[in-house]
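Please find the structures below.
In the two complexes below, chain A is the common chain; its partner is chain B in one and chain C in the other.
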Partner chain A sequence: MSDDTPPPETPPGDASPSNQQPAPHPVRAALPPLIESRILDEVTHGGQTWFIVRTPDQRAILEHLRFEQNFEFLKDITAIDFLGRDTIERFQVVYVLYRIPDKLNIRLHAWLPEEVESVPSVVDLWDSARWSERETHDMFGIVFDGNPDLRRLLMPEDFPAFPLLKDYPLKGRGERRQFPLVRPRGNEMVEDAPLPYPVSIGRGMHTPEYVEEVQRESKPRKK
Partner chain B sequence: MNPNRGKSKAPDRRASAPLPSKRTLEKELSKGATGEHLKSVFQVEEEQDEEDSQRLIMNFGPQHPATHGTLRNIFTIEGETIVEADVEIGFLHTGFEKLAEHMTYQQWVTVTDRMNYLSAINNNVGYAVAVEELLGIEVPPRCQALRVIMSELSRIGDHVLCVGLQAMDLGAFSVMLWAFEKREMVYDIIEAVCGARLTTSWTRVGGIMRDVPPNFADEVYRFLELFPPLHAEIHYMLKTNRIFKDRVQGVGVVDTETALSWGLSGPIGRASGVDLDVRRDKPYLGYDQYNFEVPIQDSGDSWARYLQRMDEIEQSLEIIRQAMATLPSGPVVHEDFKTSLPKKQAVYTDMESLIHHFKLVMLGHGIRPEEGASIYSSTEAPCGELGFFVVSDGSDTPLRIRIRPPSFYNYAIFPRLVEGGMISDSVAILSSFHVIAGELDR
Partner chain C sequence: MGLESMIGGEGFLTTKINDLVNWGRKNALWPMPFGTACCAIEMMATFSGRYDISRFGAEVVRFTPRQSDLLIVSGRICLKMMPVLQKIYRQMPEPKWVISMGACASCGGVFDTYTMIQGVDQFIPVDVYVPGCPPRPESLLDAVFEVQKIVSGEKLDSGKHGS
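What follows is the complex of A and B.
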């Protein structure tokens, strides 16, 4: 993004026109003042409202919303990576909540600095957080403190990277070549040599030395 | 059933070996243990061995006909009882969310129908609605009505297939064949409308691909005439079937509190008494014009989920009837061609349209929502609530698109449900959950 934007004190949601806040949102008004003061900003766009906080603070707000304000449905947890953009921190963890009686949707965006990699988990408040936190961990490497089962969910267990980070290339870093190839031989499973890597897939994102090495390795063997 | 059937030969990470006797012996001897003490150590080890030897780790999937998709369930069984269950997903993970960050808003429509391949239209519509909400545009009434009709047709096809597969897994094979025959009528209409059967890519941001063919109304009315008796036939076949009822009643019970906490939505949530339906609660595409009920069950077992789907088919038929009766005429694409593609014919003959088309299609131009805007938009897909969380950075590609797949949340509770039950019950539960692997892994 452009470099001449004002200092990164304001989150990007400020671009929204309805930022004058004539009256606070009813959900925000019902929060106790000690918790309410942690909310950095309140943004409305397209009829939806979201609150912006800093990372450890969302736990207290979510607890209050769950037990005092009766938000019994956690729709989703996810994260956004703002790498290379003028934001106060790199990540945002997003919680989408729903209250059934008055059909109210609320979102909570929590800023997460790059160097702090753990976020308080909410599995004790909603069970649906179990898998969504697992997936967010799998895709962004964010650790949810208190989640009892934070294994990788969609990617293989030994996958070395977190694919939804903005600095991870779309075509990968050639991890598929690194996987050991296990084949049944007789009654045993034997680890085989890795497959020759198709260079055309990786061209343009590897160093020339790497491509050369791969080409050398993938030459047809003499019989 | 042969106990070795389905038993995997591959080493499993959960198969932790019991304590090796030799090492234990050496350790104890090095400590200077003798006589009675050593005997008691071996006693404990033998008991441990005996307990472990009765347990068997069984892989149910990823290539099992009853999983209907690439799901791996790891069951630790004792005889026929599942004592511990774990699932492994991600076999069909294709990185749709990563792809979205490298494609324009119009291009990504084609990716959405690869998610739930049984009701691709619902995914297309859900995504189009999400981007339109982000842009703040409203599509013309004819487009809205057509989207509703096609979504409901697709929902009927999905539900009837699910019921058929549920019955097939429990032994009623003919029901599956009937269901496939009925679903074919839905696919004929979908093919007539957009040229494809499964990967439809029918919607565009701001409208639909093209208006429906002239015989569309006849085809839909024919479907509305032919389908209800066949629906009643399937229902009669199953609801009076002693074997089917014995297999599904009281199996996989989810109470309302649990369903809410685990985020179950759609027919599975409503079968457990979660009174949620996006079509009624947050009407999109003019669903508030139609008069329909949201059926709800309270028992929360596989039987309730079957009844729920059959009831929902009736309501969908009702919505289609009303929408066909009031189908307006007019354009099917939003008038503002800054955000929606003009007609192809106009692009060839009209300078203005050509410019609009060029600006929308070229990389680096395209649709540009306002910077920092984000929306969580949800629609009611056949499996449950399908949500799209779209964040814009002011360019023509989204900063992030997150899909809330209904199958993902529905399947998370599955290991909890099967623990303590029989292997055959797990089939009855899984088939009633109707998990689509493409949507689960994305």
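What follows is the complex of A and C.
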């Protein structure tokens, strides 16, 4: 993500607008004033620049970047969950754009309140947004209004949760224990309750008999 | 190999049918490779010329479970893959044996997350576990030897796992 060279005069890691008002990023400077005024903040860190807006406003900026400034490559759409952080809204939807001729990366972060139902889709601007928006919907539950095929992408179709939300536990809510134990009994396959978890690795393989057998069979290594 | 010299004479051999069948089975294991991750690369190396699992009679890799009797689960098994694995296991004819290759298949490995199965042995019976991340081909060969030991002890008159 950080393959463009950082401008030397930018202060590293400064997320607040500084007093001396550095020159705006050329991409931002090329925006029409009506659209440019919707940008809340511009951050440059580690050679990467991103603009921060509120959620319905990113659509106009993205349209301008796509058609007027030739950002024809949508790297990714993802989201960030700021649950428990002191931020103005809970979610950020992140658009990672790339301009191929001069190898320029730009990110656009759009604040999304928790209670807002949906954000506008950008499928009509970039076809690659179909799967990016599907994945973001799959992981965060964010609805992209206008995406024609907003099904689950990675998780099972009947998965009951959105696993990348910060209030979803890392180890799940027991979904990974939902299968029966399939084993043969006689001439047919039967389903039992799954074995207790966790089970020891090498069950039956580190019994005293087995250890003794290994020690008996293994030969001393030659010098 | 060696057997003819021991028979001698008229060329007759007395043995138990149980031993004869097990001898045939253990030296002609047909693996079903269920490779989902980097362990599958080591499994492929085991099948190919340098490590050459065919020295031990297990080189007939079948990509249909209906023709195999050794399931090698090599790699991460996630929530969506476990039903597939169970279906593959159900389709294999008896008798069948299972190798759980690598840390991920055996216990989830480092992936203790919502979508990773923490050990396939919760949901299908596993005969031999292979530690390693990924295991070396020698480890998989050793697991095949362990399976051969298990096969040698099978009884014909009972189901493989008892009944």
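The rule is simple: the second predicted complex is superposed on the first by the 154 of 223 C-alpha atoms of A that agree within 3 Å, B and C clash if a C-alpha of one lies under 4 Å from a C-alpha of the other, contacts with A are read in each partner's own complex, and residues count from 1 in each chain.
The rule is simple: contacts are C-beta pairs under 8 Å (C-beta built on N, C-alpha and C of every residue); 3 or more make two chains touch, one makes a residue touch a chain.
Owing to the predicted nature of the structure, the values given are computational and were not obtained by experimental measurement.
Colleague: Please work out whether A:45 is in contact with chain B alone, chain C alone, both, or neither, and reply first, second, both or neither.
Modeller: A:45 contacts chain B only, not chain C.
Colleague: Contact-wise, after the overlay, does A:133 reach chain B, chain C, both or neither (first, second, both, neither)?
Modeller: Touch status of A:133: no partner.
Colleague: In the overlay, answer first, second, both or neither for which of chain B and chain C A:75 touches.
Modeller: first
Colleague: Go through the superposed model and pick first if A:96 touches only chain B, second if only chain C, both, or neither.
Modeller: The answer is first: A:96 touches chain B but not chain C.
Colleague: Touch check for A:183: first (chain B), second (chain C), both, or neither?
Modeller: Only chain C is touched by A:183; chain B is not.
Colleague: For the overlaid complexes, name the partner, chain B or chain C, with more touching residues on chain A.
Modeller: The larger set of chain A residues in touch belongs to B.
Colleague: What is the contact status of A:105 with respect to chain B (first) and chain C (second): first, second, both, or neither?
Modeller: Touch status of A:105: first partner only.
Colleague: When the two structures are overlaid on chain A, which partner does A:155 contact: first (chain B), second (chain C), both, or neither?
Modeller: So A:155 meets both chain B and chain C here.
Colleague: With both complexes overlaid on chain A, does A:163 touch chain B (first), chain C (second), both or neither?
Modeller: After superposing on A, A:163 lies in contact with both chain B and chain C.
Colleague: Quick check for you: in the superposed arrangement, does A:57 touch first (chain B), second (chain C), both or neither?
Modeller: After superposition on chain A, A:57 lies in contact with neither partner.
Colleague: Starting from the residues of chain A touching chain B, keep only those that also touch chain C in the other complex, and list them.
Modeller: 155-156, 163, 170, 184, 189
Colleague: Spell out the residues on chain A that touch chain C in their complex, using ranges where they run on.
Modeller: Those in contact with chain C are residues 155-156, 159, 163, 168-173, 175-177, 179-187, 189, 194-195, 197-199, 201-203, 205.
Colleague: Okay, in this complex, where on chain A does chain B touch?
Modeller: Chain A residues touching chain B: 1, 11-16, 43, 45-46, 48, 50, 72-76, 78, 80-82, 85, 94, 96, 100, 103, 105, 107, 126-128, 130-132, 135, 139, 152-157, 163-164, 166, 170, 184, 189.
Colleague: Can you list the chain B residues touching chain A in their complex?
Modeller: Within the complex, chain B contacts chain A at residues 9-11, 13, 89-90, 93, 95, 97-99, 101-102, 133-134, 136, 258, 260-263, 275-276, 281-282, 370-376, 378, 385, 387, 389, 391, 393, 399-400, 402, 404, 408-409, 412-413, 441-442.
Colleague: What residues of chain C sit close enough to touch chain A in their complex?
Modeller: 79-80, 82-83, 86, 89-90, 94, 96, 106-107, 112-119, 121-125, 128-129, 131, 146, 159-161, 163
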